[in-house]
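Here is the structure we will look at.
Chain naming follows the written order as A, B, C, D, E and F, and within any one chain the residues start at number 1.
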Amino acid sequence: MTQHHQSVGESRLERGRRALVKIDGQAGEKVVASLADIAPDFATYLIEFPFGDIYSRPGLDLRAREIATIAALTAMGNVAPQLKVHIEAGLNVGLSRDEITEIIMQMAVYAGFPAALNGLFAAKEVFAHRSATEQERVA
Amino acid sequence: MTQHHQSVGESRLERGRRALVKIDGQAGEKVVASLADIAPDFATYLIEFPFGDIYSRPGLDLRAREIATIAALTAMGNVAPQLKVHIEAGLNVGLSRDEITEIIMQMAVYAGFPAALNGLFAAKEVFAHRSATEQERVA
Amino acid sequence: MTQHHQSVGESRLERGRRALVKIDGQAGEKVVASLADIAPDFATYLIEFPFGDIYSRPGLDLRAREIATIAALTAMGNVAPQLKVHIEAGLNVGLSRDEITEIIMQMAVYAGFPAALNGLFAAKEVFAHRSATEQERVA
Amino acid sequence: MTQHHQSVGESRLERGRRALVKIDGQAGEKVVASLADIAPDFATYLIEFPFGDIYSRPGLDLRAREIATIAALTAMGNVAPQLKVHIEAGLNVGLSRDEITEIIMQMAVYAGFPAALNGLFAAKEVFAHRSATEQERVA
Amino acid sequence: MTQHHQSVGESRLERGRRALVKIDGQAGEKVVASLADIAPDFATYLIEFPFGDIYSRPGLDLRAREIATIAALTAMGNVAPQLKVHIEAGLNVGLSRDEITEIIMQMAVYAGFPAALNGLFAAKEVFAHRSATEQERVA
Amino acid sequence: MTQHHQSVGESRLERGRRALVKIDGQAGEKVVASLADIAPDFATYLIEFPFGDIYSRPGLDLRAREIATIAALTAMGNVAPQLKVHIEAGLNVGLSRDEITEIIMQMAVYAGFPAALNGLFAAKEVFAHRSATEQERVA
């Protein structure tokens, strides 16, 4: 998994947008679009700080970053929509379905079985949706 | 980082004990010892389920598992003693100080700046203690 | 925003009921009604302690109290129905839509972007519902 | 409420399965079934550790154990599906509807009114579903 | 464990004070005293609502109520001082040390091993302090 | 309470630094300094995003912003160091001690009595420290 590079002279917003598309794909763009009428500035912050600043840092590849995020969102247990976006993101940056399942299972140790169970059900939904979409493309 | 292998005929407790020592080192043994007078069975469960079952599974190496655990414990924000044990564990299984710092910083996005700050201060403490201990050994 | 006064000789329940109607409007009455068959005493406590005791205290106006509540419920991130009731309540006691949006956005700093995002989507829903209801009244 | 006994020579999995059926009934079996395609090992852990190890321990009867679990899941506030399973489980091991309602109401003191309210609404749903199922059986 | 009775004509405050002393003992009085200079009204609410209203309700004995509270505070994991008060309270209303240990261990299933570990360490501290105090009295 | 203005051509970092000093005073500078050796970039992000972006936005004055932050941090209950910084910040931007006490007391309704109690004890500590410092200055 190669890290996306920082281009010279690129603004945080431009860099963040590139990272967002690479990591979250369409799911990220949908979140940004859904903020347009209520809090467009927040969409900008969302692109700039998490994606333009944090995910664009060298020192940890995107695969490791998504392991961290999937683990944290599973353990927090109250942010199902964002967990699904990042299970999708994990697949986008090279994690396998089995690896994602391992990460979520491990959270039973730290945040309890209910958090892990709800994380696994979120993954099941994302995997099923992804399989369906892939089959459509093939057909 | 090679995964510790499962030896044939080894019990969950034996396998867990090997994993605990490898991952958490002395910190893990101290936790187990401190349970001896109040809940010795819980010490057994702690070795068997998290270490004998979960951390001993193939499919995700210990480096990835510690990324997940450090992220989750930082985001949860209410388990400082265990976070310190796992920052130490992260170093034990091959994460660098900078990588651990990256993981914790990233949690500002998902669990807020206070959780990330408190995670960084925990890391600072562990790193300082580790440097002091290493210098003692050298001296 | 003037504070609702405490009438002489009024019981906690009467005072709470007045505050509940003023702050939460129909949403508050619906919650109370929905408790009638399972825990009617809890409906009484809900009116008496939060509304009869806390919200009826002088020393902080209702506008400030709703800023506090919207912030806390957004940050907690696991009480969406109550957050929606209090976004509505914020509008009832004089907060503008933009002010509510600001409060929720700020929570990204303390509880992370997912909590703030889910808060904004809750606000979007409440605002849309309110606009629809207001248009009906006009039509 | 008599505790289910540990049979000689029974494995953790067998003992856990017996406890799961006794406590969670069909709801428990459904959870296990839903894990079959995504994380069958996790279903095994779920039966073995919580049910084969913890709930099978003497020293606290199942009635007390379900009081503890219903209280904790209500207070955590982010695990509604598991709370419903354990409200059902509470009824299975001999708690009355009124006792379950008391436990949930008490959580307002420790985790706030929203957590208690959402717990009561979960109980209302479980009670209604149970009444409907019982009527069907009678009819 | 007999429930403390409600005396005719007793105010919520009087009833709450009796319940507080019975359940929390000196620890409860210390909390109330520590609020005197910053928020005396809050001390009143604390006595009236949790103790005068909730713990004084029939329908669940104090033993069951403390099982619920110890479980919830352990699972929440961020309220160590109150958990210690209620481990003490559990002993006051008739729970044994072993029963309290069982309740806390069980929380590993729902809130993870760190929450259960920190709960056990809190119990260890309370038990040790209680043993020391009892020996002093005997000596 | 007038909002601090945005100067033309000022960078996010400069604007954030001005806001940080105004709001958090010395406490803010101490946090930044303590990050210098472990995560200096994080200190920059902390100044830029929360202070340069969020707190510098018009649309909500600093008094309202601190009401929101004190409420949220009290309700979250696991970030005592940051709560103390913001109780101090609340005083810096014009909230009275009584108003801060009201905000924290109100959180009993939403996050339970333990969270409110621990918030009040944090406030008591900050108020006492502030009184001591003010007396020193006078003497």
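Keep in mind that, in the parts below, a contact is a pair of C-beta atoms (placed from the backbone, for glycine too) under 8 Å apart; a residue touches a chain by one contact, two chains touch by 3 or more.
Here's who's who by UniProt: A, B, C, D, E, F = 4-carboxymuconolactone decarboxylase.
The model shown is predicted, which means the values in this text are computed figures rather than measured ones.
Student: Going by the stated contact rule, which chains contact subunit A and subunit E alike?
Tutor: Common contact partners of subunit A and subunit E, which must touch each of the two, are B, C, D, F.
Student: Hey, which pair has more contacts between C-betas, B-D or B-E?
Tutor: Looking at contacts between chains, B-E has the larger number.
Student: In terms of CA centroid distance, which chain is the most far removed from subunit E?
Tutor: A
Student: Averaging each chain's C-alpha atoms to get its centre, pick out the one most distant from subunit C.
Tutor: Max centre-to-centre separation from subunit C belongs to B.
Student: So, what's the distance in Å between the C-alpha centres of subunit D and subunit A?
Tutor: That gives a centre separation of 32 Å.
Student: Give, as an integer number of Å, the spacing between the C-alpha centres of subunit F and subunit D.
Tutor: Centre separation, subunit D to subunit F: 42 Å.
Student: Counting only residues that touch at least 2 other chains, which ones in subunit F make the list?
Tutor: Only 41, 45, 49-50, 54, 57, 73, 75-79, 82, 105, 108-115 qualify.
Student: Under the touch definition given earlier, write down the residues of subunit F that touch subunit E in their complex.
Tutor: 77-78, 101, 104-105, 108, 112-118, 120-121, 123-124, 127
Student: Mind pulling up the subunit B residues that touch subunit E in the complex?
Tutor: 31, 34-35, 37-39, 41-42, 45-46, 50, 73, 76-79, 81-82
Student: In their shared complex, at which residues does subunit C touch subunit B?
Tutor: Those residues of subunit C that touch subunit B are 75, 108-115.
Student: For a test of understanding, state which residues of subunit B touch subunit D in their complex under the given definition.
Tutor: Result: residues 41, 45, 49, 53-54, 57 of subunit B touch subunit D.
Student: Where on subunit E does subunit D make contact in their complex?
Tutor: The touching residues are 49-50, 54-55, 57, 59-60, 64-65, 67-76, 79, 82, 98-99, 102-103, 105-111.
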